[in-house]
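In the two complexes that follow, subunit A is the common piece, with subunit B as its partner first and subunit C second.
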Partner chain A sequence: MKITLKVWRQKDTNSKGAFKTYQHDHVSPDMSFLEMIDVLNEELTHKGEEPIAFDHDCREGICGMCSLYINGRPHGPLQTTTCQLHMRSFTDGQTITVEPWRASAFPVVKDLVVDRTAFDRIQQAGGYINVNTGGVPDANVIPIAKKIADEAFDAATCIGCGACVAACKNASAMLFVSAKVSQFALLPQGQVERKERAEKMVAQMDAEGFGSCTNTYACEAECPKGIKVTNIARMNREYFTAMLSSYQIETKGGGD
Partner chain B sequence: MKLESKIPEGPLAEKWTKHKFNLKLVNPANKRKYDVIVVGTGLAGASAAASLGELGYNVKAFCFQDSPRRAHSIAAQGGINAAKNYQNDGDSVYRLFYDTIKGGDYRAREANVYRLAEVSVDIIDQCVAQGVPFAREYGGLLANRSFGGAQVSRTFYARGQTGQQLLLGAYSALNRQIANGKVKMYNRTEMLDVVVVDGKARGIITRDLITGKIEAHSAHAVLLCTGGYGNVFYLSTNAKGSNVTAAWRAHKKGAFFGNPCFTQIHPTCIPVSGTHQSKLTLMSESLRNDGRVWVPKKAMPGLKSQEAMKLPESERDYFLERKYPSFGNLVPRDVASRNAKQVCDEGRGVGSGLAVFLDFTDAIKRDGEDTIRAKYGNLFDMYAQITGENPYKGPMMIYPAVHYTMGGLWVDYNLMTTVPGLYALGEANFSDHGANRLGASALMQGLADGYFVIPYTIGDYLATIGWNDKVGTDHPAFKEAMDGVNERVTKLLNIKGKKTVDEFHRELGHAMWEYCGMARNEEGLKKAKKIIQDLKAEFWTNVNVLGGASELNQELEKAGRVADFIELGELMVDDALNRSESCGGHFREESQTPEGEAMRKDDEFTYAAAWEYKGDNQQEALHKEELKFENVKLTQRSYK
Partner chain C sequence: MKWFLDLFSSSLGRKVLMALTGIFLILFLAVHLAGNLQLLKDDAGKSFNIYADFMGHNPLIQLVSKGNFAFILLHAIWGIMLTIKNRKARGPQGYANPNKSSVWASRNMGILGTLILIFLVIHLKDFYAQAHFGSLSTQVYEGKEVTDLYTQVAYWFNVEWYVSLYVICMAALGFHLWHGFASAFQTLGLNHMKYNPVINFVGKTFAVVVPIAFAIIPIFMYLGISF
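Then we have the complex of A and B:
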């Protein structure tokens, strides 16, 4: 296969970027999209041109590190991660445009690499259950209905890649945040801190500069792990319930 | 220097309990006076950093990825073993211990393995408390499956993505400590050296991968939780970034390297599709619970899945079921891999010739497609995605690939390397799997080390040295180490040769796979040693690394890692040459039974090899830690 690539090149966060066009004549349909860039990068190196920087690691669709906005869609034409996208999904002679995730909360670091640490900070705000190592009950003391466990699992499969944000016209992170809020709202282990968690994670999400949700469902359509927008509905319920009966009032209760 | 394993005295089942009591404690009010560095945030690193933060130590954690959640533990599929005996099928701590020792072909320490089995039950409790959504039965209790050669169902799992769920659990515990201010997290930061002063590890030198800034960090102790070195083979199931650099730098600063030649070649991976191949993808071993492995009885070059469906039973050779009737398709990984290689060497491979079938036709007939989809859906999807073929309609094709490294930094019972204050946890150490790791044991070991071993053992060291015994980054040793790292970076950028980093890496990988892979012999290993030495010389005169030092430079990152892989490769070959027996994943063609199974030489090789670095281009020195078996009798492994 032969393809034409239009790739976003940007030296660093503060520099201005621009598209650069590359003719790529050595593409096999069995290559993954990232392998296609690997081959191009080796060619560029031989020509003395700096290779294209892009994020990737596991290359089996689970670490969430690869990104790329391909022909106007996060992770390209299939609902998968870019590392699991193969060149057989494109046609010979096609022009492919490759951009980094576009969201002000994900600043570009270099070329196609963006900074997604905002996601970490949202998790740090409350994406956990407050238990220390040791001193916990036997695992089978807490029976969980299979249906509930499965639903929590579905939410927990989020890989934190940021495709939901990249897909959204508002650059909203609601799908990402709601996946974690849902996992713990469903499970018995998460009940104690349920309200506090929703409030804190939403507050951090807002502080990071992500946009609002206007229910276009673009996030669900592009999520490589098929996280459902029903999680967003659940998070909204969690959040409003929490706001109406704020944990701060509850913790003051009793005594006087 | 004498190797001291520090295995506690007393009966096997009491060693760890007694040892915990004998270890010194750090007063709760004094814990905040100690700084601990954790490098790597996979299962071992994240669990260690979180647990130490909870105890009150000041922790600095480092990962080269953009987030600690990306560490390659995330990709583990199958499950995690624990001796819970929830299934009432005869499991026990002793049985898990016994299976692991035997599975490792009697090249691991009894005491370590017993402790691992002992704490395995606590891991499951911990993960469930964190909200890890393990698979459950309809009654709401946890589900188990049998996995990778075990005759009991002791494996806990979360569909085909157990590693992801366990890592996200550990990541959540880590996040909690980051929020509490007890752990300071450094993303996109790579460790490039260890600083040793007065014989103790005092800190590390790092490179900020975005700005290129070289920095010094000091601490009372340093924990390397940096994973394995499978990428020395270039093609492996490891993540592209997985590397040996942290461990190798530590090795050059005095940490002995244990059993480097013990690598695991996993039987169920998707075969190579072309020269562009950048990594290999594992299909969980759990597939062998329902899939049957076969090749045609007579060579049928190029046989495809669709045609294979029409081949009558009488013309198929289910070679694992035939040779190992009691374990069948569930024989340990080393045995399954070697047999796949053997039938392909006989010319009976399918597809490209380097593949065998993994067939679910019978399972789908027996249980229905929906049941199979519920069990393995994501794996089948992954297979379809990568190969473009539908595994529900015809058998999968699989071939072995490098997956895990049992070798690693030599550590004592406390997980301390030969450098005081420097620890190695998880896959980065050599300790618990001997010459072959059983399925679902890697997750167990990573979390055991991080949650339940290091929090105890590190206290003993810290209490012994005292909080005053710390060296600041203003010490000349830090400056010297920083200068060394800077020089190396400058050197790599100034070679401006003709070959890319990947070209060197592929050549190294080819030599390693060819001569130090599934089967090894003296002649091949000697050849490999020469190839690697030449490659090293060429690398430092002909590699081409573009870009600068003070920016995100992924080629520079790779170049540093490949340079270290080349040196490690030579040590692996030395170790494989020295160990002229076959054991576990290390198969020396000169040492096999009449039936072609691995034959150990217990009289000569019942030891762990620990290699000492002696300087650039010098032959490393071998130290031997004799392995004493007081509880299990060494037998030739048989899975027939």
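Then we have the complex of A and C:
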């Protein structure tokens, strides 16, 4: 296969980027999209040019590190991660435009790499449960309906790649945050911090500068893990209930 | 009170205001349509004028009407602010290829709403303001003198550009509701497998039937059709 690649190149966060066009003549339909860029990068390195920077890690569709906004869609034309996308999904001679995730909360670090630590900060704000140390509790000692456990598990399959933010016209992080709120809100283990979690995670999401949800559902259509927008409605419920009924917690500084 | 302000300044709380005012406006549309359909009655405007007079003088309805104005303003100003804020969240550099994996109407609520707003201004100026503060002629029905709003409506519904504008704006309203009706329920957290099909069906039906019914009135009056 031969393809033309239009790739966003940007030196660092503060420089101005631009598209650069590459002619790629050595593409096999069996390559993954990332392997295709690997080969191009080899060529660029041999020519003494700067290779294209992009994120990746597991290349198995489980870590959420790969990104890339390909021809108007996060992770390209299939509902998978970019590492699981193969060149057979494209046609010989096609022009492929590759952009980084675009969101003010995800600044470009270099070329196609964006800083997604905003998601980490949202997680740290409330995406956890407290577990006492001591003897190992018996498995299955806490009763839970199978359906509810399944729903919590479905929410927990979110890999935090940020495709929802990339797809959303408002760069809203609602699908991600709602999946993280839901996975615990549904489980008995998540009840202790339930209200606090919804309040803190939403507050952090807003502080990071993500947009509001307009319920376009582009996120659900693009999510490589099939996270459902029912989670967003659940987070709305969780948040409103929490805000209307929680005890207000005032934290005062301690030592410093 | 801080929690209350936090709630309504959060990204989720802002949307609750949109959803609640939106649902109120939907109810208002249904009532408004029922009144307007009387324009098509073949009685030279008698039932419409009596109805308009009742609506214009009943204190309870006047109170709801003031609330309605406030809600339209709130919905419009809040909607435009949200749209601007959401656009900023994309960052300084937009996409060369914007994403199209969602319904067109859902991505253009701001534009559709602005069209509705322009329509509302013209509509209120020519009808509401005329009925309340203008110097329209009157008609006497069964000894009671009422403002002849019908003649004013009939006048404008004979002007081509006015009828066209009306129909175009009703199309915008239809698209706004095609997305907005069910969206408001999602915003309020009312998403449940048992009720979603009902909400979607009622929403889509409302979004098609109500704007068409509104638009039929000026078209029929222009063509001189009445029942």
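In the analysis below, the second predicted complex is superposed on the first by the 242 of 256 C-alpha atoms of A that agree within 3 Å, B and C clash if a C-alpha of one lies under 4 Å from a C-alpha of the other, contacts with A are read in each partner's own complex, and residues count from 1 in each chain.
Criterion: a residue touches a chain if its C-beta (ideal position, glycine included) is under 8 Å from a C-beta of that chain, and two chains touch if they have at least 3 such contacts.
What you see is a predicted model, and the numbers here were worked out from it, not measured in a lab.
Student: Once the shared chain is lined up, is A:Q94 touching subunit B (first), subunit C (second), both, or neither of them?
Tutor: neither
Student: After superposing on the shared chain, does subunit C or subunit B touch more subunit A residues?
Tutor: B
Student: Once the structures are superposed on A, label A:T214 by its partner contacts, choosing first (subunit B), second (subunit C), both or neither.
Tutor: second
Student: On the A-aligned overlay, A:K169 touches which partner chain: subunit B = first, subunit C = second, or both, or neither?
Tutor: A:K169 contacts subunit C only, not subunit B.
Student: Which partner does A:T4 reach: the first (subunit B), the second (subunit C), both, or neither?
Tutor: A:T4: touches no partner chain.
Student: Just to be sure I read the superposition right, which of the two partners does A:C58 touch: subunit B = first, subunit C = second, or both, or neither?
Tutor: A:C58: touches subunit B, not subunit C.
Student: What is the shared patch of subunit A, the residues that subunit B and subunit C both contact?
Tutor: none
Student: Across the complex, what residues on subunit B touch subunit A?
Tutor: 47, 50-51, 54, 65-70, 72, 74-75, 84, 86, 122, 124-131, 133-142, 158-159, 161, 163-165, 168, 171-173, 175-176, 178-179, 185, 187, 210, 237, 239-241, 273-274, 276-279, 281-282, 382, 385-386, 388, 451-452, 455, 500, 502-503, 544, 546-547, 551-552, 554-555
Student: For subunit C, which residues count as touching subunit A in their complex?
Tutor: 2-3, 6-7, 10-16, 82, 85-103, 106-107, 109, 179, 182-183, 186-191
Student: Touching residues of subunit A toward subunit B in the complex: what are they?
Tutor: Touch residues, subunit A against subunit B: 11-12, 28, 30-32, 34-36, 38-39, 42, 45-46, 48-51, 53, 55-65, 80, 84, 86, 88, 109-110, 113, 115-117, 119-120, 123-125, 127-134, 136-140, 142-146, 149, 152-153, 156-157, 159-160, 183-184, 187, 189-190.
Student: In their shared complex, at which residues does subunit A touch subunit C?
Tutor: 6, 17, 19, 69, 71-74, 97, 99, 102-108, 166-172, 202-203, 205-206, 209-218, 221-222, 229-230, 232-237, 239-240, 243-244, 248
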